[in-house]
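Here come two complexes built around chain A, the first alongside chain B, the second alongside chain C.
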Partner chain A sequence: MAAPRVVIVGAGPAGVRAAERLVAAGLRPTVVDEGMRAGGQIYRQQPPGFTRRPEELYGTEAGRAVAVHGAFAALAGRIDYLPETLAWNIEPGLLHVARDGVARKLPYDAVILATGATDRLLPVPGWTRAGVYSLGGSQVSLKAQACAIGARVAFLGTGPLLYLVASQYLKAGVEVAAVLDTSPASARFKALPLMASRPGLLVKGAALMWKLRGVPILRGVTPLAIDGDDSGVTGIRVKDAGGREHRFAADAVAMGWHLRPETQLADLAGVPFEHDALSGLWMAQVQADGRTAVKGVYLAGDGARILGADGAEIAGTLAATSVLADHGIQVPVAEVVELIGRRAVMDRFRRGLLRAFPWPGHLAAAVPDDTLLCRCEAITAGELRRSASDLGAPEVNRAKALTRVGMGRCQGRYCGPAGQEILAAARGVALPEVGRLRGQAPVKPLSIATVVPLGVEDA
Partner chain B sequence: MGLVIDGEPATALAGDTLLTAVLTNGRQLRVSEFGDGARAGFCLMGACQDCWVYTEDGDRLRACSTPVAEGMRIVTKGATWPRLG
Partner chain C sequence: MHQSDVIVVGGGLMGAATAFFLRKRGLSVTLLERGLCGQQASGTNFGNVRRQGRFLPQLPLANRSREIWGRLPELIGEDVEFIRTGHLRVGYRPEHVGMMEAYRDNAAPYGLELELISANALRERFPFIGPEAIAGSYSPNDGHANPRLSAPAFARAATRAGAKVVENCEVISIERGVEDFRVETKTGDIYRAPMVQVSAGAWGGRMAAAMGEPVPIQVKGPQMGVTEPVPYAITPVLGVTTKDLPEVIYARQVTRGNIVFGGVGHGPADLDTIRARVRPEVTLQQFGQLKRIVPALAKLNIIRVWSGIEGYMRDDIPVMGPSAKVPGLFYAFGFCGAGFQLGPGVGDVMAELIATGATTTPIEPFSIARFAEKA
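Here is the complex of A and B:
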């Protein structure tokens, strides 16, 4: 049998480990990376010429970051690496990519989609002001550009990243105005049994909280508004768990509620989806070993399940072993069993995190009518509600056609999760009943000139 | 590095993204086409597309993922009609 042609989309921890495992088996995979250098978002590398040490960039995860970068560097010459390349569509056996305005098609026998995740957002009045950033973006700014988003920054949302990024800003010399967590303090204790699956991480969490001593931390908050003027942010207002209003002066706000998987390519490939009640997210159906119901399509990393960077490494290796096994290349059973066992621990912790820091769907559903829901085209939450009440939109894709919420340039990445809650509440139905925004190609905007010219070269 | 932002000369550091270059020269990156005011990027990882600026020739650039280059001429206020060809 000829060696299978394997394409990996993404060069974060999952993509890198998948490539490494395939190379170890004698294959030469193609790695498509939208970034300029491997590492993904979590282990994003600074531009050439920047000289901060890994310990400064990645903190306690420096060892892992260096290992992932090293593993990828060691693959040079044994993989085909396509940096700054967007995978924008997929059909059976063909991945469509584009770089520098030139589109081409990559034929594949197997494709591993390691597309990662982006922040999950909740609209707050004023969240479109200049100076409000996603939590992940705020971290990228520090890591990749050595820039803070402001001189006095407030952090709003929930999840471990909220506290992690706040502590990183503090360490960088930025004033942290407040950490405003929508999760009640009590949730953390209920989640302890699940989170005890990774005691090392609990210790890291405790160390993180120690670093943040002295910073105002409010739990169980309801966001009220991000204040500002024409040029940017001036402060943030929240209501605490007891109903008392607080205002913190700030010139920037970082906000995010965990991550949401990037699933557009899996969707376009025909992978079935399921609604995950714990996270409130629609997820691609994937087995622990990365296999999907679609032959030749495998998923790994946060794009499949949000297991974090070390979980993504495991999932990447696992998906590669599945590709190998499906093409008659022997994989030691013990290797797969061990990886699946380690993945299960990560998944248990994932469920604990979601209980400790729950997605506040009720807050999304209660966003005021005049708040912008769609950042791309300035469409309000009220307009989406009216598509349900006045126009009878039964689910999100119909509502999108009526209101354009989810049709803008981010293609629903930032309005989608909250939009589902708003529509479900407006219709008085359970969240899964309003469905999910279907992925559309191109999965990110392309110049029409990239796609339209005739005689597009086939790889 | 030297670049021109809305007709004004500006400087940036090698390794800066265009977004960093513009925001170290002012508080806002662009103006929403839908009339709701100033924007300064949001996701910083190429997903939200809230950081589009244009070259004086009309080419669209995603500022958060475009490295700044010597002599770039950028328009952030009132986009030029996009170049279609």
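Here is the complex of A and C:
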């Protein structure tokens, strides 16, 4: 039997470990990645010429970052690596990619989608002002370019990343105006039993809070508005848990409510989706070992379930073992059992995190009518509500057809989660009933200048 | 039990417009839609309100429809973004110019005035057109509209006018009784009416076959795409006069800035799964044709592609008019990927035909009887 052709999309922790495991089994996978260098978002490497040490870039995770980079470097010559390459479409057995304006088809017997995650956002009045960034974006700016998004930054949202990025900004010498968490303090205690599955991380969390001492931290806030003028953000206003209004002067705001998996390729590949009540997100259906209902399509990393970087490494290796087993290549049972066991701990912690830092769906549902919901198409929350009432849209794809919400260049990646809440509330139905936005190619904007080289496309 | 004068099966643009115009003529009407009105081909098509290039005997119908498009916001009380922008087809080779001249001469008796434009004048008036184009044929009164809004707007207008519009209601059987048709739905409801119109798009072929009138219909998906928004600069709807499908491209810019396009070929569509796909290689081939007709498009990104489910008749002519076998049964389906412009006119003509037994607009060429005769 010929060796299976395996394509891995993504060179973050999941993609790197998947490639490593396949190479160990004697395969030569192709790794497609949008980044210039391997590492993904979490272990993003700085561009050539930047000389910060790993400890400065990745803090407590420097060891893991270096290990992942090292593992990938060791694969050189044993994989086909396509950096700065967009996987823009997928068909059964064929991945469509584009790099430097040239399109290619990559035939595969198995594809491992390790596509990572992006911030989940909540529209707040004023969130489209210059100076408002996603948490992930503000972290990337610091990590990759050593640039801060402002001189005095307010952090709004919930989840561990909120505190982590705030502490990284503080360490970088930026003034942190406030950390404004929409989760009530009480939620954390309720989630403790689940989060105790990873005591080490709880300790890291406590250390993080120590670093942030002296910074105003408010929990259980309701965001009111991001203020600004022609030059951008001037401050942020919130209501605290007791109903008292606070205003913090700031020239930039970083905001995010956990991460959401990047699932467009899985969607285009025909993987079924399910609604996850705990996160409020639609997720691709995937087994713990990365297998999906679609033959030859495997998912790993945060693109499948948000388990964090170390969880992604496990999921990447696991998906690779599934690919191997499905192609008759022997995998030690003990290895799989051990990986699934470790993954289960991560998943338990994931559920704890979602309880400790819940997605504030009620805030999304209450976004004021005149607030812009869909940034790409400039559609307000009120227009979406009117599509539900006046135009009778029962679910998000109909609302998209009638209002353009989610029709723009992000295809609803940023407005989708909040839009679902708004539509469900306007219709008076449960969140899953309004469905999810169906994805369409291209996964990200694709240049019309893209050409198909003559004679090469039939690999 | 639900009784009305007419049951319309299918709430696409044809069915929704028919229901609206039947109400204007005072008939009671029930519209049964399997999903949501305008969700299939009526909502996924290119949005061309184009007469230029149509099968000539279709022009009287297209003219009647064009007149309705011009009255739309007032007529139905909602804006579906129809604008008269003109429609420009270009030709790349001398034989294309010959085709343009012949079509212009043949269309003139139908009242469709087309202006042929030389290469130099083309560049002067439409400076974005690429150097390969050697001539253009311009139809000043054609334009475009938003397909996602049009059929739902007609359905709402029909409802406001008194029609009973039932969505999420799939018809599973149509039976001719002594006085009435008996139409049964998947929801278990029975609807009765002395007259039924099948306007079920690509699914119309199955229904006609069930009524004893099989037709040669093929199901295909248009290959659509849209760019990111850029300043509004391309006024006319663009197309190509050619017999070669691989160089067919059509494009229009909406006033908000995005450029919608399609062409080159079709993709697979499935009546049972109700899914149609865009073939990735078609998207890439479209890039080549887009750059050929408007080279500056190379600077843009596309942000989304989509398809739909369209019914194409073997002779590329729709099925429209009375059944040749069953009294009281009418058809309006199989518009071969070119039905959007005709929609309001089809609704008006079918309502006239159903209400009065005749229509002042000739529709004989579209009769379903043409297939029976050949059988």
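We take it that the second predicted complex is superposed on the first by the 452 of 459 C-alpha atoms of A that agree within 3 Å, B and C clash if a C-alpha of one lies under 4 Å from a C-alpha of the other, contacts with A are read in each partner's own complex, and residues count from 1 in each chain.
What we mean here is this: a contact is a pair of C-beta atoms (placed from the backbone, for glycine too) under 8 Å apart; a residue touches a chain by one contact, two chains touch by 3 or more.
These numbers were taken from a predicted model, which means no experiment stands behind them.
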item	value
Partner chain in contact with A:267 - chain B first, chain C second, else both or neither	neither
Partner chain(s) touched by A:232 [first = chain B, second = chain C, both, neither]	first
Partner chain(s) touched by A:130 [first = chain B, second = chain C, both, neither]	first
Touched partner set for A:409, first chain B, second chain C, both or neither	both
Chain B versus chain C as contact partner of A:445, first or second or both or neither	both
Which partner reaches more residues of chain A (counting touched residues only), chain B or chain C	B
Contacts of A:140 with chain B and chain C, given as first, second, both or neither	first
Contacts of A:20 with chain B and chain C, given as first, second, both or neither	neither
Chain B versus chain C as contact partner of A:398, first or second or both or neither	second
Touched partner set for A:103, first chain B, second chain C, both or neither	second
Footprint overlap on chain A, comparing chain B with chain C	408-409, 445, 447-449
Residues of chain B touching chain A in the complex	14-17, 20, 23-24, 27-29, 32, 34-50, 52, 60, 64-65, 67, 84-85
Residues of chain A that touch chain B when the two form their complex	34, 36, 41, 46-50, 118-119, 128-134, 136-138, 140-141, 144-145, 147, 230-232, 262, 372, 375-378, 408-410, 413-414, 444-445, 447-449
For the chain A and chain C complex, residues of the former touching the latter	88-89, 91, 94, 96, 103, 105, 391, 394, 398, 401-402, 407-409, 411, 440-442, 445-452
Chain A partner contacts - residues on chain C that touch it in the complex	36, 39, 43, 148-149, 152, 156, 227-228, 278, 280-281, 283-285, 287-288, 290-291, 297-306
